[in-house]
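Structures incoming, each one as structure tokens.
The following pair of complexes shares a single chain, chain A, combined with chain B in the former and chain C in the latter.
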Partner chain A sequence: MAPRRGGDGGNAGGELPKRLKTDGAILQTIKDFAEATARAGIRGEKRSLSDLALEESCREVAELGSGEVKEEIEKLVLSVTKSILQGQGLAYTVPSRTSANQLYVEELDRIVLKDKTSIRPFASSSTVKKTAITTRILELVHQLCSKQIHVTKRDLFYTDVKLFTEQAQSDTVLDDVSCMLGCTRTSLNVVASEKGVVVGRLVFVEDGDRIDCTKMGVGGKAIPPNIDKIQDMESDALFILLVEKDAAFMRLAEDRFYNRFPCVIVTAKGQPDVATRLFLRKMKMELRLPVLGLVDSDPYGLKILSVYMSGSKNMSYDSASLTTPDIKWLGVRPSDLDKYRIPQQCRLPMSELDVKTGRDLLEEDFIKKDPRWYQELELMVKNKEKAEIQALSSFGFQYLSEVYLPMKLQERDWI
Partner chain B sequence: MDSKKVKATKTQDPALKQKSPAEFFSENKNIAGFDNPGKSLYTTVRELVENALDSAESIAELPTIEVTIEEISKSKFNAMIGLVDHERVDAELYDDYENEKAREKRLAKEAREQERQAKAIAAGKKVTVPKAGKGRGDTVFYKVSCKDNGKGMPHDDIPNMLGRVLSGTKYGLKQTRGKFGLGAKMALIWSKMSTGLPIEISSAMKGQKFISFCRLDIDIHKNIPNVHVLEKKPNTTGWHGAEIHVTIEGNWTTYRSKVISYMRQMAVITPYAQFLFRYRAGTPEKNVSVQFVRRTDVMPPAPPETKYHPSAVDLLLIKRLIAEKSKQTLIQYLQQDFVSINKSYAERLIGEMGPDFTPKMLVKDLTDQQLVRIHQLFRQAKFDDPDGDCLSPAGEYNLRLGITKELHPDMVATCQGNVQVFEGHPFIVEAAVSLGGKSVKPGLNIFRFANRIPLLFEQGGDVITRTATKRISWSAYKISHLQDKVGVFVSIVSTKIPFKGTGKEYIGDDITEIASGVKSAIQQCCIQLKAKLVRQKAARDKLERKKNLSRYIPDVSRAIYGVLASIANEREAKRQKYEPDSREILHKVADKEVTEVTLSRKLTQYVDQVDAELALDYATQSGLVKAREPISLAGVDWTQANYLELHSPVCVMKLLS
Partner chain C sequence: MAPRRGGDGGNAGGELPKRLKTDGAILQTIKDFAEATARAGIRGEKRSLSDLALEESCREVAELGSGEVKEEIEKLVLSVTKSILQGQGLAYTVPSRTSANQLYVEELDRIVLKDKTSIRPFASSSTVKKTAITTRILELVHQLCSKQIHVTKRDLFYTDVKLFTEQAQSDTVLDDVSCMLGCTRTSLNVVASEKGVVVGRLVFVEDGDRIDCTKMGVGGKAIPPNIDKIQDMESDALFILLVEKDAAFMRLAEDRFYNRFPCVIVTAKGQPDVATRLFLRKMKMELRLPVLGLVDSDPYGLKILSVYMSGSKNMSYDSASLTTPDIKWLGVRPSDLDKYRIPQQCRLPMSELDVKTGRDLLEEDFIKKDPRWYQELELMVKNKEKAEIQALSSFGFQYLSEVYLPMKLQERDWI
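This part shows the complex of A and B:
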């Protein structure tokens, strides 16, 4: 493909487009990087919680088959029945998922759940409803596992709206149940509705169908909620580009960016859902590709990266299968604003809340561990300026795919 | 500067015109709260009421105040001023004259309106007949009367006390109700401006055999009273106090609610006063009569006069204080004219002033430069804070009573903060938070008081409003500030309230000392309420616990039985993996010995048992609670009856029969 440098982005972009080398030269740079990453991946052996001699004991869940989940539920229900028949009512022991019970493990670069639990008795006005919901969810999951079918969280909520009253309630209890049974949420046969999209140099088999992600048009392929149905991933891509926003994803897909620089482009349209995180991890593990993150230059962009990398506090019990280590922060970084001369009118002042979020993030372990990330965030909080990926459109709609990203790749400008 | 003067002398009267204080206020009447006729009516009422309260309190008499506003129609007004009613001859001369086009327009509009109403009636809706608006020419006049049982005025001083603006210079400092020290005088100027009618005063001092009657108006340019009548009438009833009648232009329709809420809030902060408010309209159905009864006879002491704090004076004030006393030495001056300076401190200060100052020098001999030096030192030196003895807060007791009697809330908590200081002036913040009550709207209802008078206007920028709406996390105290009927009452008293804005209607939010004082006072109230609310909730929970728990029994037993039934239906061999007692349960399920009903019955028994245990716990913790009834004790007239007195070294108890 002939390099189409300049275009409508050339004039406004100033000097930068002229400094771009040929695509071939850039490709070579990325190839070196991709090979280095693959080699490092082979050397860096997989470590798990049990390998580390941590002072605090932690709780982790495992992927269980339907039969195993069913058996766990039956054991639990039988013990509860026994307690009821003995006239002692019922109570569940639920692992606590509050932030006080979370631990960031630097060696693993992700959040894990500590082993604190709380008792959820039926005989208290404050917990009786949750106890009832927990029982009902157990029954429903038991049904799902017996019939070996999958439903969405929304489906689950609608089976007993009167008891659950709102979906947040059934969703929370569902996570509690995963923790109680010691299995991943996917093992409960409950999935979230699909949100993530993938496009680019990737071929895989989903439930028997061969899917070629280069032939998915502009919209891309929706990431399926059941990750276990995806097999045989193949790719000739050199890297995975993780995009925060739907708009930027569409731009890249329409410009067929993945044909110019072989890559796989993924977005979860904002905060990533479980399926997208599972999918990204699977790609990274099986294809051994470097992952580059393209997010907004604001505290929330960083938070999204952190969820991909270290996991969310809500799902920390399953961080082992949800996190993708070693994501490089490609852009848009606070220092890019001046480096790429993004005009003032495209930068937004950070609100008080933004600045506070930024300051809080500075205290987070995943930022502190890399001084370069820390510096960038410090710069953002100091300048109190944020910018979205779309700010790059001020130089022309295709500036992102034709100048900004190639330049970034050429300069190996990621941290 | 000079050229300007020359110009002025050329074009104008060469004699420099002097403006009297009365003139100044008549031209800037908005700063005294006389922006428009409606506001003027309101301000007139409040000035009269506040004067009356001050007067009664100054002789430690429980105030009884009657306020009457009487509407005066135009023809009646004309009759009063001796003007004959004129019929309009040349109709086109008037602003509200309707020409041909306008009439067509109006008729068309009326026809449409009638059609709409007919439709509405046909649809069975209620119809409100639009009122005919008043034309511009129809100014309305009101006669405002206020009668109190206060000190009254000495016969000969009446003209000067009312007919001269800023007649006396106040020496010293005092917590006062009035905002400008204008009192009724401004109302007098307004009456002169709007109606030209004189005011009438009746007054009697305690034990005086006659009632002074005076009719006067004010010569605004000369700032002197213009007395029409000053005579003595017999005082047969032994009344003392003052009664003032003033006729002004006003607007009752727009300021009705303000006047009434002013009276009501005044009754809250002054529960030891009796107020009777009446409005007499042209038509009897529009009459209003509200009585705010006295609820207590405990009156806060009248605030005493105090001296200035060195950090609160400016250069001019220093000079003025010196001018009053000519024979004083410097050390006497420092010691006697200021608080927080004792003899040794005064000596230290004089030593610090420099070599040309001595303790024995006379203050009148001080040069201007030396005065500046004293002022500078006052600014820089460290002084003890003034104490709050000169302040007279309403008191938690009175605040609570006032709120209870006017709002009838379910709960009240009060708090009086410590004396704090801002720019050399001590201040005290008192707060009360009430929950529930009649005619209280859901959400935050904020009542602001400064030196024991209600503030009704410009509440948006006020420190109290902002603190209550922005800086109190109500939910932390189990209060929902959007749904609960919350009353927030904050009263600030000080020798100088730092008002903001021309109308002196609010206290700015930029003073940290006051903002934090207000916040902590409100928080203290909330803490008290929270304890009560938590207790109340526990009691309610106790009642509802069983109902709450029982509600979920069917859900739980159905769900559990669902799982059990599905396991029991599976093949026998599969059950081997379970424990023996689990297998037994499954057998029973298969044999229908254990069903959903069994589970539900067991759970019901369990809930009954738990409930009984917890109820016992609750009873042992809180003790038996009997139903309480609120009672009010009437004031006792100690002078009338004989009671058995029990004497002890510390007190005397009187036994009521």
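This part shows the complex of A and C:
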């Protein structure tokens, strides 16, 4: 069933539906925006840590192929063997991943790791076990890269429970090994479980299979845990619509929103998982498309956007491959509540914890750097009101896809 | 990368890999089983509530099309209108869904609803609000069926927050309306969010798109929330492998296990959601394939199997369309721990709550009816040991797909 333009917006929705222009006019607006984004992307593309004259020296990891990872491990093992033969014993130099060693780089708009390291000697009672674990993890990763298979952190833990004792141990050392080898955790062939789905104007090859995301019904395609299996992305979309929640994704997929306004729709169903973050970044980089974020109007919606954009502190060493710069905050923004006349009953009072979380966010770099984001968040904290994307259903089930989003696009109403 | 037969089972695994027969021999074993299942299916297929001479009269709902649901609503509204015009006021007859009105039917192996009902009059201060909510839900569902769109429970709640006040209210009445109209909740076009994924030897049509699950890369196809969009299932698989967790699904998908032993692999990533349960049942019924369950060896693994088989108590009125009878417990079974020599370190001690949950399960009908299931559970509770599917990784990352599962199939080791 093809969605009709405008529509009656269900039972209510006021004047807005009448103010909607033709789809052609709205499309032209998005086209201009998409082209501007692509041009900016080409200009800004070379920005990496090495281009910036930072006072502090920083460390970043890269996406490496299985062969390269094997080579790095072999080099490392050779060097420690040499150290042992020279009578200096077994020790690893491990980059520090504590918050004291983290830095938010405004020019890159993400958190990176500074270059402090520590020595992990085998001949010390405090580090002997960690050194043994590090050696074992290096061996297991070498095995994974040789076999070219992928496993989860949990699988890795179970290969040697006796040594690792608990999963936190093998997990931590795995992140250490990423930093030591200078590659992403995904390059180690250890992946997170998948949660995300994608639908819309995107075609890619996954492990040899050609996937056409316009032909994935209403359920969409599950985003695979191993991003390196994805190749040859192609798209005639004008933008990527990043959706916080499942329900909104479902509405847009069922209405085939992407056929009316060419786009790719992606969601991680809540907290962004690593696979979805990698996938989003890959799309953004290869297709040079603008990304518009549709999240709940509450502090957690903003936090979710920030994880996509600036990364989580825990994995700051890998911020380059996990973050997608320049995501636009499309909605639902605190100012939308009045602008779109969301009924009072559909707004929820913020709890004390919500308000505190909001106030804390006001101090975060990614909010402070854009006065418009700051103002919106200030408004939320002041009014102490939040709203879910689904609050738009109060004007009819298809208000989101037939009125709210077209209007947002028409008015370039993103920040 | 095509998986090799047998393999070295990683670092260990003992004698088992050597005892594996050729794939051809194992395939013949599964073929015999699949044929027997299909024959049994044809014999047992007509078993429904009406075929049984139960002493108590029971109520079940059916999958109805949008047109039929509309008709039922219109009939209902006409009858209450008549009642109003006759001066008898507005009242609904609502089936009771309390546990006192539930019944486990052994012949069907699922929970059904008995036929107790209650009257919900508008002219009573205790039920006036619920009657109003019921009327509003009937109106909204009629609208959904007319537009042929699907929404979530959350969307439904937001269409009239003023009346519903909280989501629990609209959710409860929605289930009431299902029972009143005699149709499944899915027929009302109100769906749960999707979580499940599927991969393997299955082709179907989803909302007009042809989906080939052998060509879904390693991530698989997301199972859609609205089962009625799925049609024309075809398969040359010999069995359905129902997997509790994501990590095992990933392993089997990456190893393309379904190409070595033709099967369909499906997971709900933990607790079974409604969409995955509907999907599994549809597959089982249309393709007449045996279903083999691979879950953790703990009480929750068993609970998950039971939800797929017998349904959850909360939705017992809809057990016919939500349950898949006759799922075989393939593994990981408590007796497997010794049989497959799972190292002591990979077994986890059961907490007191685990043991209590296990003991409670011993009282459940679905366990008691099969002495082999009962024995296995008894063993678990006696040894107070549990193990995850991933514990098999202690013999090598691919032990699951290259040794454990082929051996299970070869020996018909399911109960």
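As a convention for this text, the second predicted complex is superposed on the first by the 341 of 415 C-alpha atoms of A that agree within 3 Å, B and C clash if a C-alpha of one lies under 4 Å from a C-alpha of the other, contacts with A are read in each partner's own complex, and residues count from 1 in each chain.
One rule holds for everything that comes next: a contact is a pair of C-beta atoms (placed from the backbone, for glycine too) under 8 Å apart; a residue touches a chain by one contact, two chains touch by 3 or more.
The structure presented is a predicted model; accordingly, all values stated were derived computationally and were not measured.
Q: Go through the superposed model and pick first if A:G200 touches only chain B, second if only chain C, both, or neither.
A: After superposing on A, A:G200 lies clear of both chain B and chain C.
Q: Between chain C and chain B, which one touches more residues of chain A when both complexes sit on the common chain A?
A: C
Q: Can A:G311 be said to touch chain B (first), chain C (second), both, or neither?
A: In the superposition, A:G311 contacts neither chain B nor chain C.
Q: Kindly classify A:A391 by the partners it touches after superposition: chain B alone (first), chain C alone (second), both, or neither?
A: second
Q: Pick one for A:P334: touches chain B only (first), chain C only (second), both, or neither.
A: neither
Q: Identify the partner contact of A:G358: answer first if only chain B is touched, second if only chain C is, both if each is, neither if none is.
A: Neither chain B nor chain C is touched by A:G358.
Q: Under the stated touch criterion, which partner chain does A:L138 make contact with: chain B (first), chain C (second), both, or neither?
A: first
Q: Report for A:E74: first if it touches chain B alone, second if chain C alone, otherwise both or neither.
A: In the superposition, A:E74 contacts chain B only.
Q: Looking at A:P325 after the superposition, I want to know if it touches chain B, chain C, both of them or none. Which is it: first, second, both, neither?
A: neither
Q: Output the chain A positions appearing in both contact lists, the one against chain B and the one against chain C.
A: 143.
Q: In the complex of these two chains, what residues of chain B are touching chain A?
A: Those in contact with chain A are residues 541, 544-545, 548-549, 552, 555-556, 559-560, 562-564, 566-567, 577-579, 581-582, 585-586, 594, 598-599, 602-603, 605-607, 609-610.
Q: Help me check something: in the complex, which residues belonging to chain A touch chain B?
A: So the residues of chain A in touch with chain B come to 71, 73-75, 77-82, 84-85, 87-90, 122-123, 125, 128-129, 131-132, 135-136, 138-139, 142-143, 146, 163.
Q: In their shared complex, at which residues does chain C touch chain A?
A: Going by the criterion above, the answer is residues 1, 10-11, 143-144, 147-152, 154-162, 191, 193-195, 197, 206-211, 215-226, 229-230, 246-247, 250-251, 254-255, 269, 343, 345-346, 388, 390-394, 396-398.
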